[in-house]
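Structures are listed in the sections that come next.
Common to both upcoming complexes is chain A, partnered first by chain B, then by chain C.
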Partner chain A sequence: MNNLLIWPIAVPLFSALLALLWIRRSTWIGVFGTALSLLVVLLVGRQVVESGPIELALGGWTPGLGIALRADGLSLLMLLMSSLVSMAVAVYASVYFSKAERRGEFWVLWLLLITALHALFLSGDLFNLYVTLELLGLSAVVLACLGGSRESLQAALRYLVMGLLGSMAFLIGVALIYAGYGTLDMAALADAIEAGPAAWLALSLMTGGLLIKSALFPLHFWLPPAHANAPAPVSAVLSALVVKAALYLILRLWLSLFDGVVTQAAAVILGLLGAVAVVWGSWAALQAERLKLMAAYSTVAQLGYLFLFLPLLTALPEGAARDVALGALVLLALTHGFAKSAFFLAAGVIMQRAGHDRIAELGGTARALPVTAFTLALAGVALIGLPPSGSFLAKWHLLSSAFITGQYVWLPVIAVGTLLAGAYIFRLLGYAFAPGEGVGPSLSAGREEIPAVLLALIATLLLGFWASAVWELLPISAYVGGGA
Partner chain B sequence: MTMSVWLPVGILLSSFIPGVLIFFQPEERHRLRTWLNLLGALVKLLLVGVLIWGVFHEQVFETRWTMAPGLEFVLHADALSVLFVSLSTLLWLVTTIYAIGYLERTPHRSRFFGFFSLCVTATVGLALAGNLFTFVVFYELLTLATYPLIAHKGSPEALRGARIYLRYTLFGGLLLMIGAVWLHTLTGGVEFVEGGILDQYTNLDQSTLRWIFLLLIVGLGVKAALVPLHGWLPQAMVAPAPVSALLHAVAVVKAGAFGIVRVIYDVYGVEFAAELGVLTLLGAVASITIIYGSLKALSQDHLKKRLAYSTVSQVSYIVLGTAILGPLATIGGLVHLVHQGVMKITLFFAAGNYAEALGIHRISEMDGVGRRMPGTTLAFSIGALGMIGIPPVAGFISKWYLGLGAVEAGAAAWVVPVLIASSLLNAAYFLPILYRAWFKSPSRPWPADRTAGCARELPDPLLWPPVTTAALALLIGLFAAAPYSPLEWAELIAGREYRQ
Partner chain C sequence: MIDLNLTILPDLLLAAMLIGLAWAALSSDDLRRGVVLFIAFGLLLAIVWARLQAPDLALAEAAIGAGLSGALLLVALRDGVAGNETAGKLSRLSRWLVDLFVLIMTCLIGWVLWLTIYAEPVERLAQLANTMLDRSGVSNPVTAVLLNYRAYDTLLELVVVLTAVLGVVVVGRQRRGYRQAGPVFCGLVQWLVPLLVVTAGYLLWVGAHAPGGAFQAGATLAAAGIVLRLAGYDAAGLPDGRLLRWLLVAGTGLFLLIGLGVTLSGGAVLQYPEAWSGSLILLIESAATASIAAALVLAYRGGRPGDWSSAGDRDPNREVST
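After this line comes the complex of A and B, so read on.
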């Protein structure tokens, strides 16, 4: 039954081809393709939970010679997040693009994006990862310029250039590894890699490339315009999933592959950049005049939190405390994925109804679109990190790890970031719940508004009260080298 | 024993479920909303009755749910929780009736009553929280549930008041969380245990524990409105009268005071806290707050603002009682948790009635109001006399035990003057109101007379809540020695806290 692993990649890929061939029915193919992908991910999930990590050697060639797909706890969590978020976004997009001329192109690219994401989370081979990273970046760029406006094209071009730079750096790193160790299989490399100049250079290049893609300060500048100017469903997956893919790779590299090479100093540098991202991103979000731009800057800040974990993870000795911190990191990434996609979808509903997303003119939103206003509030709770959301638990353990390792320097960063997040979310809610006529009268709720509120509920309730599942899944590891 | 697991959850759900359902009700379904509200309140009252009986007979009620490694969501009912749960449940019922009458024909009632129920759910959750983590969860949820209530009117002043409230409480919540996390990493989990747990960790650095205490108390002090963290409270009185009533009597300020009681008695242990030397500082802050609040109240002409500063002062009696080592002071502080709630809610109901019936917002407009609105003014007078501490109203009992406790602990030299000064100040800012209301005759027409020509002073849902709570304030003072009275219950708690 190991062939199961091929389906999360094959289903969206074949759906993409089908959508291309039968462009008049692309909406249906897109939604059903996404639903079917979710279904096979759930099947993979059941098997991983029941019988541990799965490995599939493609074409029967043993890894090292051939290419391996692997699913373990970490990849399963990322797969679940991406397929659930894309399911909800697909339902929303079927309304959003229902009258658009270019909906055929959207659905083909959409399914390719899912293919790339799923392949990336399942790849057990560095070159394969490069290929999926490139496919992901390209489909994301084309999706981002579907809006067709001048700004979105400019932003997408910048996104493309930065993405290519990132992939190139990653590819050079991969080449160095192949030259040094003669294999690209990650499980084999996890045992083989030793500290040394070559490993160091490879790690730096690969990490550098991924930092561009995950928009860590000061390499974030491409993100806010690209995410804010894309069509709402695209913004949702860009902010929630695509940046997380790069982060996932950084985790794999740092914790499984290069765990003997990584030094505390390097981790602290990334942590410091993360700290600047938290404060600067939140501040910029507070100053933003447009809802989607605010959400995009908030993504910069939230990614910063994830990098705060790195110096703590490397400082903690292997064992319970480190597993707890790693789980908190993953939980924060998941919560942000669900909350931010909900946020962007809600912003999309408002933008279509009101024709603009200027925050100061959003009075009356709560009366015209109560479900959407409620979604913004729920997602906002998760973005600030208030209970009962998953990010509250994650932040608790982030603070806790800072106390355990004695790295008190991160405490004020977390505190300031939280207060600033509270400020920008409640500034928005203040306008949205104020009386006014900024948004037209309500016409319908349903396929547009429901997916977003479900995503927000997952972030604030499910990932809060059932968060321990994250810590139960993570120890199911396919790589011997590290905790993940 | 499934019942012992489900009872705490049921008490939470009995206001949570009606709250969620009410959000989905269209504005005009007045009757259904009323039924949902009252049904929830009555079910809660019933469940709390079972809880009181069980806790009195030393039954254990506990629910546990692991949210993350090391972080357990625990609902646990001990004698102290019961005190606060009963107060919130009873006053919620009364306030709901009042709010239904008060908000008749105003917009956004579904939203209001939805958040109102969530606010009570959070308060009851605070009371039942069995460890510090769960307490922090509900402390933040309370902030989230009350913000929309303060901002309810949507006017610029309401939004400004709500914004100020949010700034203070998010900051306070953050400090509380940091303190809780720090303590958590040192001890591996902080359950609330009668008599405290920290004295068992002899290896912990005492100055670290003092810093954590500071973080926790400052975080809680924001909601308890300790000077200088009280700035939000007078601003928050822009909220509708039922919200002010609930905020000042049970929900927010009490949550802070209750948290301080929890931290001192059930985390640090009052004797250990005294050993650390942190109680003296807290007692000093409480005394300053008592005097400062009363002084500020003197100079307010706006009735609700005067009441708000009076709350600042009165809530610190609870903190003062907690900061003095000894069972009698403990009883005084704990019993005031209930007494202040019952008396202050009466005063705010009455203030709401004056504004609703005659448009009176200022004390200078109250001349002769006693003859026009005798029921409301009688209730107001009982509440005010209780606040001053005149027997047999409940407030006297609190002050009596606080004074006795101070003598017992040898702190009479500074506590008794504080009590006397504050009582004199209370008299100075309440008695002139009573004089104006009863003995002066109206010097000018009422600002906005809405009940001219009506047979009675007010509709029933507005008149009866203050009269009921005023009668209650009188009764729990008169029958303080009866079984299940707040005083008896406070003695039970004190007995359990000092058993060691």
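After this line comes the complex of A and C, so read on.
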């Protein structure tokens, strides 16, 4: 029993309720609630590092009859990413939404989104995961609507329908698992699940649902319009955190719960889809005329890289090489989370100053908004995968795992994807650092520009130099089934 | 060999009608017709649940699945611009492909369920849930699961309801009200609304030991609000401003506070002290009923309520008056 685990969920939830009641003070409650959530996540983190995975059996019932919350290395890393990113974005949003008519609703939904993310990363029960997925999807959709334009409403509606389809498939999979194994507790299931028709069908349904939510090619089509048309702080968390939640679940399912069920062929199919996503997403980003649309397509590509790891992970025997590859995957996901949120925040700053985000008209950005231009460049370093960013290390290990397993087909994909990423980032920087009058004169912009540059610094420097922490944390596992 | 029993015939008929109605609702080109068929489908499904001896589900399906969802769908249709009421048409080929995919998946899922449930049944949790029942504070196993064993799920589901209604507030425009009803309907309303309120109270109370509970009670209470709205009372029984927001928050808030508060006595989160669990569950369910009803009626009204964010900013003495 460890009641500490409820606090990363209870703190943002309680703050959300307070923000709804005192809607006029919602900005303060929102920022303060986000900061407090970060604090309790750090407390949880300290305990995980000191004493290993923690479990909280809610209501005192044995997991199975009741629901257990669990924190281990993987969920801790995701929690840290989501609470750090949301802290920085909250500071930015306190400026972005300071004049908006709907800021009260924004802060309530913002805190509910954090609640959903934290609940998802901590949940140890399959049905409870479905509930958190619904909460996450719903709050994300409503946040995406806050732009208020017709396009953002259309995009959000499509996002909602696709999200519901994904949750439905996940739920049917959960029902099959319960029918087959008589429990929903993930620790018990990690021992119990064996290859067979029920496990295969359940895994395909759940994975299919999650693939929609994590926007793997060709199920990505809802993502670019939804992410590009949302308000900048919302785009940042949608791209950085919400899609990662689905990816986190895929990792849990494939590596812990169903590790005896997944086949190499299935993993290769996902890897191939990931490869297409890398090339196609990068190409579309290069073609994009608007900054936020470019960032959204770049998310499609970056998610593709993460799926390239799956066939390598299933091919590697359990042991050091596999742990290295898994750590690299998580490191890439974390780096992208920080870099992409920094990128979207910088795009938001530019958009508010210039009134548009057409890339070709961004001349003069570097002179008017030097900090923001610097942020774009730093985040770009991490998106391309240049040293010393975390993604450089991650891609390095991706390449070496491909060599170890002899799956050379992924090498050209990584090369082409990286070159295209370089092309779209340098195309943007070319315009941004060119002289021009596209962006008006700068005002003092501390609270707007600093959060983004901090996020970009985490992505390029912190995750690059202290990447070993990822590999140290991951083996702390609450599920015996596999390495994650 | 299946022994052909005549008592199974009505069930087969029910199942066939259910599938037929589902198909008709999905393939209807006219949205209004589709919605009406969907409501009929919900009612039939409630009967099926009753036949399967799941009265809790039957009640929930009738109240929420058929009743409230139907009302929400109909009022959403009323929002649609005239002439825009036909369903978006897919090309014939893609429609066939979707149908084929759904058919294959249904067969696969059916086959796997048959394999897992009938061919080699495993022990599931119902047994355990029943054994633990006397420690849960209620005697209705469904309520025990929803508010004790898996109370955390229910807490998050209340948050989902709250999020959904915030979505309606953010996205929707306030709908036009209805004309003041004539004397006959008004007379009916005077009977119907108190009856619905009393029924909701009964469902809430009885949930501890028989089918019923917060979601069914909340939906019934919301039905009273919708009847009021249809009769021309635009507020539909909801208060304004901050009081409305208190009402929306009450269920989740009280649940969370109780869940955390019980840790003071040394237990885990949501571990009610055994002597108190019955009363605590009733308390949580009462607040949840109010919140669910308020959320559903607000969704039916649509849009940002007047005084939503400004009422709290004015003179605090004026907020409570409605």
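Basically, the second predicted complex is superposed on the first by the 483 of 484 C-alpha atoms of A that agree within 3 Å, B and C clash if a C-alpha of one lies under 4 Å from a C-alpha of the other, contacts with A are read in each partner's own complex, and residues count from 1 in each chain.
The working rule: a contact is a pair of C-beta atoms (placed from the backbone, for glycine too) under 8 Å apart; a residue touches a chain by one contact, two chains touch by 3 or more.
What you are looking at is a predicted structure, and each value in this text was computed from that prediction instead of being measured.
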Contacts of A:Leu176 with chain B and chain C, given as first, second, both or neither: second
Partner with the higher number of touched chain A residues, chain C or chain B: C
Touched partner set for A:Ala469, first chain B, second chain C, both or neither: neither
Partner chain(s) touched by A:His397 [first = chain B, second = chain C, both, neither]: first
Touched partner set for A:Leu17, first chain B, second chain C, both or neither: second
Contacts of A:Leu164 with chain B and chain C, given as first, second, both or neither: neither
Touched partner set for A:Pro387, first chain B, second chain C, both or neither: first
Chain B versus chain C as contact partner of A:Gly327, first or second or both or neither: first
For the chain C and chain A complex, residues of the former touching the latter: 108-109, 111-113, 115-117, 122-125, 128-129, 132, 148-153, 156-157, 159-160, 162-164, 166-167, 169-171, 242, 245-246, 248-249, 252-253, 256, 259-260, 263, 267-272, 308-309, 312-313
Residue ranges of chain A in contact with chain B within the complex: 320, 323-324, 327-328, 331, 381, 386-388, 392-393, 396-397, 399-400, 403-404, 411, 415, 418-419, 422, 426, 430, 433-435, 464-465, 467-468, 471
For the chain A and chain C complex, residues of the former touching the latter: 1, 3, 6, 10, 13-14, 17, 20-24, 56-61, 64-67, 102, 104-105, 108-109, 112, 115, 119, 127-128, 131-132, 134-135, 138-139, 141-142, 145-146, 153, 172, 176, 178-183, 197-198, 201-202
Residue ranges of chain B touching chain A (in the complex, touch as defined): 65-71, 73, 133, 136-138, 140-141, 143-144, 147-148, 151, 154, 159, 162-163, 166, 170-171, 174, 177-178, 181-182, 184-185
